[in-house]
Amino acid sequence: MKRKTFVTLSLVPAIGILASLALVSVAGAVWFALMNRTLRSSDYEFVGAYNFLRLLRDKRFFNALEISAIWEVVTVTGTLVLAVLLAVLIYETVKKPLWRNLICFAFLVPVLLPRVAAAFIWRFLYSPSLGLINYLCGLVGIGPVEFLADPSLALISVAIVDIWQWGLFFTVILLKLMETLPRDPIEAAMLDNARTWEIHAYVTLPMLKAPIISLALVKAVESLRSFDLIFVMTGGGPGTATETLDLYAYQMGINMGGRISYASAMSILLLIVTTVVFTIIWKAGKKWAA
Amino acid sequence: MANISCTDIVKSYGAYPVIEGMNLSIPDHEFVVFLGPSGCGKSTMLRMVAGLEDVTGGRIEIGGTDVTDLPPGERGVAMVFQSYALYPHMSVADNITFGLRRQGIPKSEIAPRLEQVAEMLGLAPYLDRRPKNLSGGQQQRVAMARAMIKTPKVFLFDEPLSNLDAKLREKLRTEIRKMHLQLKTTTIFVTHDQLEAMTIADRIVLMRDGKIEQMGTPDEIFERPASRFVADFIGTPAMNFLHATMEEGHVARAGGIAITLDPEAFPSLKPGQKVELGLRPASMDLCEPGVENAVTGTVVLVENMGAEGQVITEVEGEEMSFVTQRFRRLSQNDTVHFAIRRDKVHVFDPNTGQSLRGV
Amino acid sequence: MGRLISVTLTRALLALLIVVALGPILWTVLGAFKELRDIVTPVPKLLFSPTLENFATILRNPTIRDGLLHSVIVVSASVIIGAALGIPAAYTLARHARNWGDDVQFFVLSLRFMPPVAIAIPFIVIYLDLGIYDTLFGLILVYLITTISTVIWLSVPAFERVPLNIEEAAAMEGCSPFEIFWRFALPVASPSLFGALVFTFVLVWNELLLALTLAAQNATLPVVAASITSLGKEVPWGVINAATVLLVVPPLVFIGLLMGLLNTSVQSGRK
């Protein structure tokens, strides 16, 4: 088989399917966004930019936008900060390979859980009447706390679950990366009498800059897919306290009356924003990490 | 019958040229070494002969057949890589015989050939092992066996010894040379190690910046370097260079140093001409003061190399070194006299770097 | 003495961390074996008489059984097709695409930036119009976006780690590009590729949104599990715990593998 034939045969089916599915969904979303289609009736007509103009006057949309932004910032920074702190802590205090591996195994478990399962597990733990956490709070005289029903606590309570899953996972990755770092610069710093935290702040972590940036990016992409977790834990409530854009689009397009066109307009905006932002971050991140 | 001829070879990556118009012809049975600093294009040249790199322009022939556009498998060449490139998922025996089995050669024919090759390279006890369970030297022997068993028209070696330690390198070097004396297969061997090249080659092609700097037997390259670059690259310790001006009587003068040159070797030199002299440390030795071509210096450092020693001296503010067996009685700040025979002096044009010998 | 205290404190902190990591899951597993009256207590019970009733309930429930079956079919089909198409494509991108490979890879990666809801909304209408709404085929098709792109994304580095010289040595022996891929690159890269497939499997097995929107009767296990909030008057916490355990087991089987994958990719990532 000639090289060209092989290249064509191996690439065309995979990329063809991906491209056509992507094209169908994007083109479909654009098309529906310009109509006034609903799930209930199959009649629809062209309405131009009407859906987009309505979005600009939709307070709930802007609320969802804000919740999404808060969610991204809280989960990404929370995950990274937790991972860096725990990785340094374990690197410094656990020296035996066996114990390190056991901790790594334990830390890998949460991320493998299906989001739906993690959501159920924590809903159970958070429950005001029979949850373990409220029991522990009760022992020290707090509560019962309505973790998921209190609008000021709900979002952070769900974010904790996300950070629990990803922060522990990233801890393992960072720990493994730290183990592969060359020892020489660290030993040089030790000879210079650097304190432990100084070694990590000025030597090890800067050496891991590039992987940490890519981890942040991976987490940022992954945080966009938190629909499952929020949907099962709070359904966007109480009220709209945890309603992110994808939840709102889902509620609009499928649950409440199936306003497909309106939801399409929303998902297009979401698509544009994420694509632009991530393309910029991706290219900048590559340059910055290099 | 497998001579190799490369005509007007050009290779560029995008607009960046790596090899510019190279012409080379290698007769049958010859062991040729491509030598040069890293980035000189020697590996690229080898890979183009192998068919692993496309040729941007020019023509490559092996045994009279134009192979320029043939895939590597159809050129009748076998290659040994620096990293050995053994197939990690196959046993040693399968590694060696893969090519033959692939061609559909019957097992009954493969078995004796495998036995013969394994015998020759001392691999018989390891045939069932996986490559990762072998030492570096053994892995390189497997790679050589894999190349030999195909009885190719041409052997290509791409820095095959660079990943081995010094002792093993010397041993395998001898083995490769012996193998060539026995099989007489046309061979191209790439290395950046000048000592390796000198010891193993019938002919050395010394390359620099994608061009051939000099082509010749190890003796020619060592004794009659075509340029300052060649003279500097070949030989340890490295050559001393000295800027000088010609005077009457074929004498080159640099300050207080006067070196008389061989008029037959350098007939074109005129008084007043600027030249650069090349003096090999190994061609110089201690002498009595006042002898022809004697230089007087102060000892800076003596490096013990076992049988002989390299003496680094300061001569009129410049460092110069020479090699002597009588180094043990020398110590720092001693004044020494050393000289070179006039037929051992090399003279180069200070602007072009070309040798001014002959013509 | 001060040293002893600090050592004890760190040990306690590490133990607490392990409890935080594993505790929630273990508590759920425990809950799965409890009767409802052992769950709904003001003081959490560690000692109770275990029951298999919750598992019996979910396995007797036809919706959950169907959900499990659908999950198995949809996930295995989409992962197998994703592997069959994605792995050769990844190899070509790693080896034969000098100038345009990066652009193709960026396109593949950009599919992972795409919010799932942006796929779900248009597809529900298109599926309704085409009559493949609520079919397993429809789910498999839409999951191919995830599986093919993830397989490519993770397999390109796996193939790049195969030493190029090995493939060149094979080419010197006359192998065609397909033979080099099939007989050399694939076996040498297979451990990392297997890890990539497992990761892809976990992603699809855990997926909720697309299954929730594009299927109703033929939904997968996460959808069914998400919909058990009440079977009767009280919240059936025991049953929910049991369903959670059922959902959790398959991905957890692969934890050792994920660890191995992590070790190799971390080590070869920085030489």
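All chains are identified by letter, namely A, B and C, in their written order; residue positions are counted from 1 within each chain.
Keep this in mind: a contact is a pair of C-beta atoms (placed from the backbone, for glycine too) under 8 Å apart; a residue touches a chain by one contact, two chains touch by 3 or more.
Just so you know, these numbers come straight off a predicted model, no measurement behind them.
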Handout entry: Far-end chain from chain A, centres as C-alpha averages
Key = B
Exercise for the section: Can you pull out the chain pair that has more C-beta pairs in contact than any other? Expected result: A-C
Completion exercise
The distance between the C-alpha centres of chain B and chain C, rounded to whole Å, is 55
Fill in the blank from the handout: Per the C-alpha means, the centres of chain A and chain C lie apart by a whole-Å value of 15
Handout entry: Where chain C touches two or more other chains, by residue
Key = none
Fill in the blank from the handout: As the complex stands, chain C meets chain A at residues 10, 13-14, 17-18, 20-22, 24-25, 27-28, 31, 39-44, 85-86, 88-89, 91-93, 96-97, 104, 106-126, 128, 141-142, 144-145, 148-149, 152, 176-178, 181, 202, 205-209, 212-213, 222, 225-226, 237, 240-241, 243-244, 247-248, 251-252, 254-256, 258-259, 262-263, 266-267, 269-270
Fill in the blank from the handout: In the complex, the residues of chain B that touch chain C are 50-52, 71-74, 77-79, 81-89, 98-99, 102-103, 146, 150
Completion exercise
In the complex, chain A touches chain C at residues 1-3, 6-7, 9-11, 13-15, 17-19, 21-22, 24-26, 28-29, 31-32, 37, 39, 86, 89-90, 93-94, 101-110, 112-117, 120-122, 124-125, 129-130, 132, 135, 164, 168, 172-173, 176-177, 180-181, 211, 221, 224-225, 227-228, 231-232, 245-246, 249-250, 253-254, 260, 263-264, 267-268, 270-271, 274-275, 278-279, 282
Handout entry: Residues on chain C engaged by chain B in the complex (per definition of touch)
Key = 163, 165-166, 168-175, 184, 187-188
